[in-house]
């Protein structure tokens, strides 16, 4: 019991501290600007403006993004293909989505030697899954993200960083399921997968009440709908 | 024919084939143990200890004395040098859990059994931005290992053996497909703290 | 002398370097492992080799096995992975060896009919993709629950169920086609 209380205390401290760490650990915009010049991109202003916007997000992955741009710069593909990947990230960032999963996918694709156009296609599906999952949570299930720092007045208004974590894990599970050859119509299997991933992380990086809220409200048919919309 | 009948037929077929291999199977224990002796000579050095510690072997008086004396020495040295206590019954405790620090970060061990002529083995994953961390095999037994400090969470990874990707780690909590290839997944911090 | 010992005692003794205890583990599991490998592989020599290697590899890695986990699942996982690796190798280095032939081990009175049907099922099994063959073998030869098959093959439990369902239908179709 005591350890559970201690754990919850540290989780809350961690989630409160994360945004501050994000600000402290930020990389100056000029670093990104220089990295973009070495690609070079045709439209650096759009990308830079969304990065600047993203920097205000508590979970902005500053270092992984810079590392990815550097990796793209040294890639032999034509620069418009590299820019296409960054444009997807910039759109997602501009819409306030957490992009750590997208950066991870792109980095994995580069490491595996996957052609950039194929990486871009993969990112587009993942991005649309983020959009569709957020819509599903918000409009159908009434679960939404509350601005950071405000006290939580409704149980379904989850502080942004916690909400983003749920969003990442639900949408990625659907993405992994589809990529592994799963059919959107296998809603029950998909639900099991989401259930498994969230419960494995329950009390690890996700708060138990957030996991319970999502698992109680979401149904296999909701996931089928999201998966279907993503592939169509 | 009913499908259920096919289940049984499948089972009978494989049973018949196992039976057909009976002769070759009969000395499998001997062949494996002999090969282990050749491949892992250092294991033989501990065999006497294993024989002494095996429960059914402590019946003769001489062995009881040796076991008692050995246990006393081990217990004394153990208690003197560390704060770890042997469990009840004197059986050696086997602890394979990763080391855990106060903030939950653990030294997670990655293991890949590679062909004996493998030259490089690395692990790539979202913990190192998919840029390799090398594994090592100092004793040359083909088992390559490294340990990486990881905070609680979910991690995707794969091994690269002499430039070839191997995404199917038997120790993984799950395996997913990514860009048409396999990646392994481990959950750190709860339930999935695998070996 | 090892026969009466429980599995955990045998594993602890094996961890101490007692290869005799490991011999007893092999005796207990060799039929299950060979059956699994025969189902996964396309020829007997490969299946026997992989079974042998699985016990070697499991012993060498034993210190990394978590005694809290189910041993059979761990051992089956090692064998399944070795089979998969060998099949990949065979794909790139085709063997000249003959495929499996059915021999003895069954009631002589039923021999002709049974042998014929078993030979057919063997042929059908060899035609099936690995992804369907493996769950079928683990389910119907090793008689494992879905959850354990999911863990061994590293595929979701739901996928295991789907593959077994589709695999059975595939087995039936191919069997009737060849009939």
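Worth pointing out:
A, B and C are the chain letters, set down in written order, and residue numbers restart from 1 in every chain.
Convention: a residue touches a chain if its C-beta (ideal position, glycine included) is under 8 Å from a C-beta of that chain, and two chains touch if they have at least 3 such contacts.
Note that the structure is predicted; figures quoted are calculated from it, not measured.
Set against the C-alpha centre of chain B, every other chain centre is closer than that of A. A summary of chain positions shows that the Cα centroid lying nearest the centre of all protein Cα atoms is that of chain B.
The mean-CA centres of chain B and chain C are about 19 angstrom from one another, to the nearest whole unit. Here the CA centre of chain A is 34 Å from the CA centre of chain B. Chain A and chain C, compared by their mean Cα positions, are separated by 40 Å. Shared interface positions of chain A, defined as residues touching 2 or more other chains, are 180, 196. Looking at chain C, residues 155-156 sit in touch with two or more other chains. In chain B, the residues that reach two or more other chains under the touch definition are 174. Residue ranges on chain C touching chain A, taken from their complex, read 155-159, 162. The part of chain A that touches chain C in the complex is made up of residues 177, 180, 182, 186, 188-190, 192-193, 196. Residue ranges on chain C touching chain B, taken from their complex, read 1-2, 4-5, 9, 12-24, 26-27, 30-31, 34-35, 38-39, 44, 47-48, 51-52, 55-57, 59-61, 63-67, 69, 74, 77-78, 81, 84, 100, 102-106, 114, 117-118, 121-122, 125, 136-137, 140-141, 154-156, 168-169, 171-172, 175-176. Across the complex, chain B is touched by residues 64, 67-68, 104-105, 107-112, 114, 118-119, 122, 169, 176, 179-181, 196-197, 200-205 of chain A.
Within the complex, the chain B residues that touch chain A are 124, 126, 129-131, 152-154, 156, 165, 173-174, 176-179, 181, 183, 187-192.
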